[in-house]
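Heads up, there are several structures right after this.
First subunit A sits with subunit B, and in the next complex the same chain sits with subunit C.
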Partner chain A sequence: MEQPGLSKENKIKATYLLHFTKYIHWPAAQSLVPVPLRLCLDTTVVFYDFMADIITRYNASGPHRLIQLEQVVNAANCELTYLQNQVQPSLSQLSHSLLVVESEAVGQPHSGITFYTLQRKIRFSINIDVLAGLNLSVSSELLKLARIEHNA
Partner chain B sequence: MPRLFGKPISFFTKQLLGIIAINLLILAIASGLIYSSFVDDYRDNLLNIMQSKATLLSATSSSALLFNDNEAAHKILASLAQYPAMRFAQIYDANKAPFAGYSRAGLPVDVSLDTLTLGSFFSQDNVYLFSRIQQGSDVLGYLLLSADTDSLLGRQQRYGRIVIWVFVLSLLLAYLLNWRLQKRMLAPITQLSKLVGSVAQQGLYHKRLAPRAADEIGTLITGVNSMLDTIQEHQKQLRDHNERLEGVVELKTTELFTRANYDALTQLPNRHLLTDRLTHGIENARRENTELALMFLDLDRFKVINDSLGHAIGDQLLEQVAAELTEAVRKSDTVGRWGGDEFVILLEHVEDKNSIEKIAWQIIDKITQPMLVGGHQLHVSASIGIARYPQDGIDAANLLLHADTSMYKAKVQGPGKCHFFTYAMLDASIERLSLETQVRQATKNKAFTLFYQPKISLSQQNFIGLEALIRMNNGDQYVSPTAFLPVAEDVGLMHSISIWVLNEACQQNAAWLEAGLPIVPVAVNLPVSFLLDQQCVEHIEQALCKAGLAPEFLEVEITENTFMASTELAIEVLKKLRKLGVNVAIDDFGTGYSCLAYLRDLPIGTLKIDGTFVKGLGKKSGNDGIVQTIITLGRGLGLELVAEGVEQQYQVDILAAMGCSVFQGYYFSRPLNATDMATYLGKPVQGFKAR
Partner chain C sequence: MFFSGEKMKLACPTYLIISATSLYAVMSNISYGQSTPSEFAKLSLVQLFELSIDETQVKQQSLSPWSFVYNVKRVEFDGYLDGDASLSRDEVWWQGLPDVRTSKNFPIVPTVITQQAQVISIGYQFDPKWRVHVSIPYLSQSTDHISGIPNYTNFTINTSGLGDVELSASHQLVNSAENIWWVTAGLSLPTGSIDEQGDTPRAAGDQHLPYTMQLGSGTYDFPLQFSYQSLGAHDFSLNMSAVIRAGKNDRNYRLGNNYSLAGRYNFTLSPSVRPFIGVEIMHSQAIHGRDEALLVEAPFAYPASITDPRLYGGDKLYGKVGFTWEFTDYLMLTVELAKPLYQNLNGPQPKEDYRSALNISHVI
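Then we have the complex of A and B:
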């Protein structure tokens, strides 16, 4: 039963979402100054807040690439996008973004990572063709945990 | 010396054992270190492997932890199954709750997380590693690994076997190499040892070892060769020295033999050799059943000559006497010097007593001949005592003692006599020994007394002098001077007795003078030995000075024999006495060997006619003639004449008729002690009253 606030499942997914940034390598930005990884969300506010909270802590925890959290609708350009609901794939800010969908039920085309539940555990699948299309490098460690999929 | 299997351990064996022991120690230390190093390396390697696995597992399992994929973690850990040593592996999440695990069949996790600290450790033959699984600074979880140490133990055993083999082989190799090396290096030392042994045992100093390289052994060989050169040279010198020394020893032995057996002065056999020859002679006589004779010869008045003319003259006289004695006997006989003026003559194979006596008289005649010694014509005579084997003794000691005893008996009879031993002499000899003891005691205790006999002048009708006569008190009685004075002379006490007599007579006469008595000269008899002493006049002067007596109140009486020893010296002394004012009288005149010619020049004042002539007056015409001649001679020379031993009135008459005016004898007074003499001095002369 859904508790007030964010569910455990969504918390795990939020955490996993953060962990994905550790195993996926985005091409370097053409900038002299470090550019944060833009994580865009199209979720509930509760999820967004929870995510904002853990990203804040994450950014404060050490010398790694910072993550900038934004709403999809507000973002100009996203590198990683989490969708709880299907969105218009033609959004320009999502054109080079790795899409992670909450479940297979979202039905978002060109999604790279999709959460699903197996034996009451949150698992995820990775479409390596999508990631390859985005020119992303994925850690084998992550691939080892994921169900690998290809475009049909 | 230490032994090995019952045999002495040689230096080389000990050195070899020492080197092997050192090698053993070094090998043991090295083996231990190598083994320890091997084991440590292997253990470190094991830990490194464990650490590597842990690192790898941590890296590969971090994503599983992040995404809570314990299945993935299980798969990762399952890969450890290919490592048989791995006992178990356990992944814990950040809260140390078990996340995934692997375990070899049947093996539980045997450690508690509560007691674990990060790092590795060994426990119960297992190794454990507990580490964090991190991503950056985030602790994702923990990893616990455990592996058994069977491989480590296996490695240890293998290393142990290798080390033991290396140790044993090294030891054998060290032994063989050292044995070989020592044998090679010690070969010259063995040669040196053999060389030294041959030198020490056989005294062969000519052997040498060939020189070697200039190392320590070479230096040693060169040193030993050089030492042998030196020893060989020293041996040669020692041999030469020994030869010289043997020559010297032979010479000295001869000298020592000569010194030990021959008299240095006369070169005659000494007491030692004489005794030896006498012993052998007795043995021969016993074996051959023959007789031998032993003569003990003593020179008469030798002491007078020695004291008056000096030892050099005395020694020359002894040499001459020795030569005369050697000539007097057969070559087969032995003449030896017994000591002083005593000689011993050993006659072997003698026929009878007469032949012995004949030889004795030949010897006496030869000695009695005047001898010219050092410009002095000396008249000496000899007294000979004779003892025969086997009649008078069957051993050397007895024969010598008996011959000596006989010699004293001969001396008593007067100079130039010989006497055969009789056993009756032994008693006399004992008596003489007793008398000798008494004389020594009396001299020491001054147990002498002077008696005084007056000399009466017929013309002056009064006594004109006294003669001091010595007596010895032996505790029981007074001993006659004729008995003890010869003994005193023999034992050398005559000089001190004479000085005592001189002092006593002078002091007594002075005492009488001080007592107011009419004193007259007191005459003392001085032996020739005293008179010829170089300090004779000094002694007389001292006696007069000490007593405070004028020299004219002292008179010295001497015998004719005084001049026989040395006329010149005697005359010189008498002249000094006359010059001093002391009158000199010749006592017992007519009994000695006076040369009438020298009476003329003698510085004497009185002639005393011997009592034997006085005793024979009126009985033998020859005796009266001698007395008359003496009186005529004395009067002709202006000498005072004193007749001694006058005991009868007719003797006074005859003597007075012959022209003698002074008398001494019992007819007038017997010798009186000092007290009686003092009384006598204060009274008229008894003899004249009687007459």
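Then we have the complex of A and C:
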């Protein structure tokens, strides 16, 4: 179903989030049963609904690791978090989460991926040091498309 | 929406084959507008990277279900194989007594065969799951010969004209976030000539030309293709295709069926340029029946290998390299070079040296 309230720019960013789950490898969970990857959002409702629709379709297309979508405020733990606004860095559910921010204007400390716009297209930067600190490995295919950054 | 595949299948006359499934192949990377979560979820990472945030671009792309492809393919044959063993020209060329004439040497020997096809294809997308295509090929062929016959020691024969027009329809079988499956079925119409003539050593003036120099199959043929495109972390595609021929044409023969399995892996050099490598294995059958006009009244009725319908078909394994370049939002260039890595032919048969393809696709 079409989401008329969401801009194309945000639809593209939502789709990038899905791809990040494919091109970034999280360490295996210490569990005997498959554990979904928890994607947490702090966004508008219409963005959340669009993301939920994408995730539902993706999960139904398996077999692959399932994604569990949650609101940041309700989540106990998040592997991947997308923020449209700055949140308290001390939130415990974000302590081991890869933070993706909507733009540099969000100003969230310790963000690993930041979207920006260049020539009317969505681009993103990856802070290699942040991802290394989270023990995450990134596909070279994703790195080729990213602007690589390091901690200052 | 996007769908992917790769195939550039050949069709006719006997060596160079252009089929409607080629349109599917070329159009595989043509993009259309996205709006729904489902459509966005099917975008590959690279396709997503190329999307503009302009809302107007979506509307503009979504308006036109038409697409257009111009494709040029070329194939060259040089040398001979019997099975997978190379034959020298002297082994194939019967130069008169005291040489012993057999069914595997000939008084007339094609040396270099070049075939080129220019194909214009138009596609129309009814909805995200259905599209139809029409492909119109124009063929140009040239064959150099040697023989021991006076005035024909070295001669070249050329033919050109309309090939077999193909109509086809593609249906999306599976469309998930991980992969896409399409099936394409078509009908090849016998619009290409099978009555081409030229000056050969068989007699004075023009005579009917061998199968390789004809422009069509002369039969109604049925191209089929199954295509798989991965949308995961690795960008690769698989294609299984066949050209099934039915009945016999007006000259009492039909070309052999063709079957192929191809795989292609795309790399990301930049957001708009994607090199690829691929392999393809192809099996083709010999010609069924024979054209009586090609025979001579002699103990050995076939004056050249290309007049013997049994000396067609075989197995080939190709290695391929190429790239796609999306140089605007509406135009994409694809260049491909294929080299046979292994050939096992019903020989003696001309050995394929290489084939190349260039196409430009455009969403109207």
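One rule holds for everything that comes next: the second predicted complex is superposed on the first by the 148 of 152 C-alpha atoms of A that agree within 3 Å, B and C clash if a C-alpha of one lies under 4 Å from a C-alpha of the other, contacts with A are read in each partner's own complex, and residues count from 1 in each chain.
Note that in this section a residue touches a chain if its C-beta (ideal position, glycine included) is under 8 Å from a C-beta of that chain, and two chains touch if they have at least 3 such contacts.
Note that the coordinates shown come from a computational prediction; the quantities given were computed from them, not determined experimentally.
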{"item": "Three-chain arrangement built on subunit A, subunit B and subunit C clash or fit", "value": "clash"}
{"item": "First (subunit B), second (subunit C), both or neither touched by A:Tyr116", "value": "neither"}
{"item": "Contacts of A:Phe50 with subunit B and subunit C, given as first, second, both or neither", "value": "second"}
{"item": "Subunit B versus subunit C as contact partner of A:Ile12, first or second or both or neither", "value": "both"}
{"item": "Superposed model, subunit A: greater residue contact from subunit B or subunit C", "value": "C"}
{"item": "When the two complexes are fitted on chain A, the stretch of subunit C hitting subunit B, from 59-67, 77-85, 167-175 or 185-193", "value": "77-85"}
{"item": "Subunit B and subunit C footprints on subunit A, overlapping residues", "value": "12, 16, 19, 22-23, 61-62, 64, 121-123, 139, 141-142, 144-145"}
{"item": "Residues on subunit A engaged by subunit B in the complex (per definition of touch)", "value": "12, 16, 19, 22-23, 61-62, 64, 121-124, 139, 141-142, 144-145"}
{"item": "Of all residues in subunit C, those that touch subunit A in their complex", "value": "34-38, 40-41, 43, 45-46, 48-55, 58, 176-178, 232-233, 235, 268, 271"}
{"item": "Sites on subunit A touched by subunit C in the complex", "value": "1-3, 7-9, 11-12, 14-16, 18-19, 22-23, 50, 53-54, 57-58, 60-62, 64, 117, 120-123, 139, 141-142, 144-145"}
{"item": "Touching residues (chain side subunit B, partner subunit A) in the complex", "value": "60, 62-64, 66-69, 72, 135-138"}
